[in-house]
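Note that chain A is present in both complexes that follow, paired respectively with chain B and with chain C.
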Partner chain A sequence: MMPKLLFLKNLEDALKDCDIPRAERTEILEDYAQMIEEATVHGDVEAFIERLGSPKSMARTFAKDMPRKKQRSEKWVAVSPFIALIIFFYAGFAHDAWHPAWLAFLLIPVIAILSERNALLETLTALSVFVVLSVFMIVGTYWGLWHPFWALFLLIAGIAFLQGRHWLHKLFGLYTFAVVVGFILYVLLIEPMHDFVLLVFLPIPIMGLLSSELDGLFRQKSRQALRRFLGFALFAIGLLVIYLYLGINAGLWHPGWLLFMLIPIAGLLHTQWVEKVSVEPVAYTPFIAVILFFLWGEYGNAYAYSWLVFLMIPITAILFSKD
Partner chain B sequence: MNTQFKRGIVELCVLSVLVEEDLYGYAIIQRLAAHIDVSDNTIYPILRRLTKDGYFETRIQESNEGAARKYYCMTQQGFEYYVSLRDTWDAFIGGVYAIITQKGEKDGELFERLARRFTQAKDTDA
Partner chain C sequence: MNAQFKKGVLDLVLLHIVHTGPVSAYDILVKTSSGLQVNENTIYPLLRRLERDGYLKHEKQQGEMGAPKKVFLLTDVGRSHYLERLEAWRTFQKEVSHVLGGADDA
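Take a look at the complex of A and B:
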């Protein structure tokens, strides 16, 4: 593809990702097209495009300059730890439901994500971890259905697939949703479960790999994206294998699922240390808190105290706040 | 250099270029790139924001060299903003220069004294 067209295509994608309104996008793209046209006339097009920088960083700059009605939502973010604490204490003292009332602490990152006002699918992806975890905990706690509801965690990947632009991405997303729903219904309705049914999950990490190659058709850094997806797919397959082994052989469906908390943690570490994009320390805390809460609660038999680890979320937010 | 600080400086540079004459996007970027490193994509977003804020108006003008060009022209509001920004910058940079050059000719003597101190500290450590 011509450098100009490729640049404009990448910029358009990046602007969409940053939720820049259509009218703004059109005007920005027209202006850049005109400037690049001018650079072409002066025989300077490649150097000029290089001088413009990466479309992603450009789009982020435009997004920062977009007017946002943030004040109100920022207040909700600030007050969310107190709301969570009130819900938690009320459910705990009034109904003796300390577990799963601790889920109220997940409101803190959820409100923070909603206040960011990103694009719909981006918001859904960020929220999916917390929604899936909440549903999983409630179903597991009240009905003991840790298995097969662990499969819900795969919906996080399903939503990520749906964010892709190629029609195959949508197909991968729909397949993942169908498999998760089908698997849960199968296990609930048909006893006993045949282990070979688990093979339906095998295409999901493979689709993860393919998905990165499809992305590569639209973006320049295909090799980098492929490496990233390959690494994560192998990591996820590894965790899935360990989890299934622990579940089938030792009945550790719970708290073995905590292994999956390592996926978002690894994603954040990768973003911070490999992609060199700064990540707020508070982003790690919900996942670390969940792991510590269950390990301490389950093996220390101390659910009455282990909820305290959730306080690390607001404490970290306050200690590392840049304001 | 700190990104926000750099954006502030580039903003002043964009205003300084357009206070002289109306120019189109490519020419503005080239004009600035001749003097400062603009590789981190700051100029056009700043140009766009200043236009939205009413500091510039745009007009389309046909060109003999290719596609029609979008010219940016400074408004009165933009000029007033430029003057206030320039005053702030002059006062700030004047203060900075006063601080770093107040030693004047003593600089050489000061540098030698500090160099001696560091050498002595190293010798002591060793």
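Take a look at the complex of A and C:
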């Protein structure tokens, strides 16, 4: 592909990824097309495109510069730790439900995500971790159904698939949703469960790999994307194997599921240290807090105190805020 | 020079380039980067912001190659903003020079 067309295509993809509105996108692309045209007239096109830098970082600059209407929602973000604390204490003291009332602390990142007002699918993806965790905890705590509801965590991957541009991405997403719902219903309704049923999950990491290749083809970076997804798929499969082993042999469905918290943590570490994209420290805290809360609560028999670790979320947000 | 410092004066530089007359984004980028060591990634987004803030406007001009070309101009608000910023910059420059007057001897 010609350098101009390739640059404009990559820029268009990057702008879409950053949720720049269509009208803005069109204008930006037209302007860059004109600039490159002028550079061509001056015989400077390749050097000019090189000087412009990576479309991805350009798109991020535009995204940061987009006008935001979030004064009102910022107030909700600021007040969310107090709302969470009130719900937690009320449920704890009035109904002796310290667990799962700690889930109220997840309102803090949830409100922060909603206040960002990103595109619907991106918001759903960001929320999915917290929604899945909440449903899983409630179902597990009140009905003891840690198994088969652990499969809900795969919906996070399902939603991520749906964000892809290729029609195959949508198909992968629908398959994941169908498998999760089908598996849960199967385990709940049909006894005994045959182990071979677990094979329905096998295509999901494979789809993860294929999905990365589709993305790679879109962005001319297939090898890098493939490596990343290969690493994550192997990591996720490894954790799944360990979890199933702990669950089947030691009955540690809970708190063994905490292993899955390592997936978003690894994702954030990879983004920060390998892709060199800055990650707010507060992004790590919900996952670290959940792990510490349960380990301290479960093995230190101290749920009455372990909720304190959730305070690390607002404290980190305040201490490391760039504003 | 510190990137943050450059960022602070870059809008003045762009307004200065545009105040001379209608100029295309390409010319603005070339003129800016030929005089200042700045990341060219930052210039066009800043240009858009200045337009959004009402300091710049654009119009289509018949180009030499036939195709109409988008060029940027100062608005009336932009012109007075430019003059204010320029005045502020000159005052700041004088004040800093005054303070650093003997810095070369140090």
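In this text, the second predicted complex is superposed on the first by the 320 of 323 C-alpha atoms of A that agree within 3 Å, B and C clash if a C-alpha of one lies under 4 Å from a C-alpha of the other, contacts with A are read in each partner's own complex, and residues count from 1 in each chain.
We take it that a residue touches a chain if its C-beta (ideal position, glycine included) is under 8 Å from a C-beta of that chain, and two chains touch if they have at least 3 such contacts.
Every value quoted in this text rests on a predicted model; they were computed, and no experiment measured them.
Novice: Do chain B and chain C fit side by side on chain A after the overlay, or clash?
Specialist: Pair status: clash.
Novice: When the two structures are overlaid on chain A, which partner does A:74 contact: first (chain B), second (chain C), both, or neither?
Specialist: Once the two structures are laid over each other on A, A:74 reaches no partner at all.
Novice: Does the superposition put A:275 against chain B (first), chain C (second), both, or neither?
Specialist: Neither partner.
Novice: Looking at A:46, would you say it contacts chain B, chain C, both, or neither? Reply first, second, both or neither.
Specialist: Neither chain B nor chain C is touched by A:46.
Novice: Once chain A of both complexes is superposed, is A:57 in touch with chain B (first), chain C (second), both, or neither?
Specialist: both
Novice: Just to be sure I follow: which residues of chain A are touched by chain B in one complex and then by chain C in the other one?
Specialist: Common interface on chain A, chain B vs chain C: 28, 31-32, 34-35, 37-39, 41, 51-53, 57-58, 61-62, 65.
Novice: Would you mind writing out the residues of chain A in touch with chain C in their complex?
Specialist: Its residues touching chain C are 28, 30-32, 34-35, 37-39, 41, 51-53, 57-58, 61-62, 65, 67.
Novice: In the complex of these two chains, what residues of chain A are touching chain B?
Specialist: Residue list for chain A touching chain B: 28, 31-32, 34-35, 37-42, 48, 50-54, 57-58, 61-62, 65.
Novice: Which of the residues in chain B end up touching chain A in this complex?
Specialist: Answer in residue numbers: 24-27, 29, 33, 38-42, 44-45, 48-49, 65-70.
Novice: Could you pull out which chain C residues touch chain A in their complex?
Specialist: Interface residues on the chain C side: 24-27, 29, 33, 39-42, 44-45, 48-49, 52, 65, 67, 69-70.
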